[in-house]
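The following block contains the structure, expressed as structure tokens.
Letters A, B, C and D mark the chains in the order given here, with residues in each chain numbered from 1 onward.
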Amino acid sequence: MSVSKGDQRETARTEAFSDGVIAFAITLLVLNLKDPLMDPALSMSNLNLYQGLLSQWPAFFAFVTSFATILIMWVNHHNMFTYIKRVDTNLMFLNGLLLFFIVLTAFTTLLIANHVGLTQTDNGRTAAAVYSGNATLLGIVWSTITYYSARTGLVPARPGGLRYLIGPLPYAIAFAISFFSAFLSLVVVLIIAVYWTLASRGFWRLVLSET
Amino acid sequence: MSVSKGDQRETARTEAFSDGVIAFAITLLVLNLKDPLMDPALSMSNLNLYQGLLSQWPAFFAFVTSFATILIMWVNHHNMFTYIKRVDTNLMFLNGLLLFFIVLTAFTTLLIANHVGLTQTDNGRTAAAVYSGNATLLGIVWSTITYYSARTGLVPARPGGLRYLIGPLPYAIAFAISFFSAFLSLVVVLIIAVYWTLASRGFWRLVLSET
Amino acid sequence: MSVSKGDQRETARTEAFSDGVIAFAITLLVLNLKDPLMDPALSMSNLNLYQGLLSQWPAFFAFVTSFATILIMWVNHHNMFTYIKRVDTNLMFLNGLLLFFIVLTAFTTLLIANHVGLTQTDNGRTAAAVYSGNATLLGIVWSTITYYSARTGLVPARPGGLRYLIGPLPYAIAFAISFFSAFLSLVVVLIIAVYWTLASRGFWRLVLSET
Amino acid sequence: MSVSKGDQRETARTEAFSDGVIAFAITLLVLNLKDPLMDPALSMSNLNLYQGLLSQWPAFFAFVTSFATILIMWVNHHNMFTYIKRVDTNLMFLNGLLLFFIVLTAFTTLLIANHVGLTQTDNGRTAAAVYSGNATLLGIVWSTITYYSARTGLVPARPGGLRYLIGPLPYAIAFAISFFSAFLSLVVVLIIAVYWTLASRGFWRLVLSET
């Protein structure tokens, strides 16, 4: 697939479609919060609502972490497209892949909500590995989009360097940690989200080699 | 995090994303209405559909209250962004926090639908406290956004004064009432929504010190 | 609430928000289609998938009818706002009421899917009455919006006359029929949707007294 | 229904509504991924999470295939509307029919996730027939839209020829295969999606007889 100017299109509708998918994915996260007394799979019918809600703290923790992560994704997507003025078919495909892993986050968050707690279990570690693994793939797709956009001149930046590691590497570390502690892995993902919230402008300045 | 002009961005895509999240959150509320004869957790298989629907009146009451509350949130969001012409990173973060509590409303409404009725129960009071507590946090974030926008000059208004209490205070009263009567607390939230529906223009005139 | 020019706002964001809610409501209808062999409430575990799907024809019929009805709502909403160039607070409130009944359609469709079949039952008639009653309220809100817009000069048309009945009256007939036959009532709603599909331009020409 | 210039409208809001529906439909697919240990219908409570997730591979395969298929639908919809500058009522109706089958994909994907595996079963073949049959109807609506747009001059192209078969024919082949092997039928649908991903520009060039 060669890239020619004739293949490039305006970004407005791609942004609108991405906004729709991301907004929907972030809202769907709330369906992972269950009424603890009404869900037969939770087996909490002997508790009152207050106790039931407290015992569901991993679901709330996962909700907060995923909400923050997807929100950061959107802020970065928003920022990226203030640099990218035109898209070609390859970039639309990469953007579709990005949306795929963002949508998958609703499912990986459900696994966290159901299986991670203070007690270490095999299922908890599996859930955390799936969750942080998905986030790592998201980071890799981000770096690929950044690299591709710089290489093909869709954004005014030089490609190359170690900077493409700063997206996926922290998530890869959370993935590695998940094999030892599910909860710690989740905390790392939350720290990454908080960090990007505070530093998102600096990230793009670094990646895009602004002066 | 200092705020500079260079940090400010256009609001169009932030509005579009917020519209998307609010529109989905308000629509998701309908999933809290269950077919009374089909949901095993409701144990109503001995009733006919008419009786089952009538016995579900708290779910409908919660649906109406939350729909009205989120609609007011949207109308106010719409009005606020006719004043705010540019956003900075802090405002995007505060807006994300606002969306977080709006999305959570779908879950707190589910708790109301399942646990509040005419009979006072501990679980009903817990559900009402969670519901009105979430609304209070929403009000606090609103006031913070209004204060921040005025202080940093993003809107043309003087910050300060007791006016920042009129957002969260009524919800805080509903929260206090929830410890005595779940139903009464819900009625207060509905009254607040109806009041803002009739008075939303006056609210912004007051908050923004228009002459 | 008096209406002044100063109260009027641009319609762009109201249209975008309405589009979001309607698009989401129409898509949520698909959740009313269940896998017949996986849903314990349907008690069809002795059938194969082909038989199960066939026995679910009322759910598909309700899906088609509601999809067509909401699509017509959107086409009419689209057409109406090509005439309405500015909104005031009252119109935003009426539009919110319209969205409320459109969102409720997802729930009334679920009742149809679960309770209406070829055999006449009390529950089937209850479901059809709720469904067509909701559609009648939708029609009344439409007529109110049309009347209000004409009266306040938001659209260039004379208010008045019997034309305000053509929205709600057919649905009111379906509502009356629901007390005798649930299935016939649903057929009337489908006929209305097909009619508006073929005649939507003529409808607005009539309502707005175009020459 | 005759087509006159006066019947034609701007496409902007039709595109926005279609984007909304397609974005929600693609995101709703994630609800077909279930936690294998929490869903009583899956009867996997004797497995650990890792084994449960692996045994759910058909659900993931169906998720990927449907996500890719709907994404291609959106890319093509996007491309088509760069050619179509105005819509008439017939085209809005055809577009509604297109959205209907796109939304139905969430349901047909659920049937695949629940019933298709490596073992050939009658239910698996039924699910694959419903899935590929729906995709074939989607292809036929696409071809109808392309033909109608060319005939009425909404796009600058000559109608006619065998090219209208390239949309539905591959899906019809998948439909025919579904009576022999559910899995093979699904593989064909995935290959079609990958092919269009790589060749979507060429498709429109061919269909629209660009020189």
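Everything that follows uses one rule, which is that a residue touches a chain if its C-beta (ideal position, glycine included) is under 8 Å from a C-beta of that chain, and two chains touch if they have at least 3 such contacts.
From a predicted model like this one, the values you see are computed outputs, not experimental measurements.
Trainee: Give me the superposition rotation angle from chain A to chain D, based on Cα atoms, as a multiple of 5 degrees.
Mentor: In degrees, rounded to 5: 90.
Trainee: Shared numbers divided by all numbers used: is that above or below half for chain A and chain B, i.e. same or different?
Mentor: Interface between chain A and chain B is built from largely different residues.
Trainee: With centres defined by CA atoms only, which chain is the most remote from chain D?
Mentor: Farthest by centroid: B.
Trainee: For chain A and chain B, let me know how many angstrom lie between their CA-based centres, rounded off.
Mentor: 26
Trainee: Give, as an integer number of Å, the spacing between the C-alpha centres of chain D and chain B.
Mentor: The computed centroid separation for chain B versus chain D comes out at 37 Å.
Trainee: Find every residue in chain B that makes contact with two or more other chains and list them.
Mentor: Answer for chain B, listing residues that touch two or more other chains: 16, 20, 24, 31, 40.
Trainee: Considering the complex alone, what residue numbers of chain A touch chain B?
Mentor: Residues 15-16, 19-20, 22-24, 26-31, 33, 35, 37-40, 48-50, 53, 64, 67-68, 71, 74-75, 78, 82, 197-198, 200-201 of chain A touch chain B in their complex.
Trainee: Under the stated contact criterion, what part of chain B meets chain A in this complex?
Mentor: So the residues of chain B touching chain A come out as 1, 7, 9, 13-14, 16-17, 20-21, 24-25, 28, 31, 40-41, 89, 92-93, 96, 99-100, 103-104, 106-107, 110-111, 114-115, 122-123, 126-127, 130.
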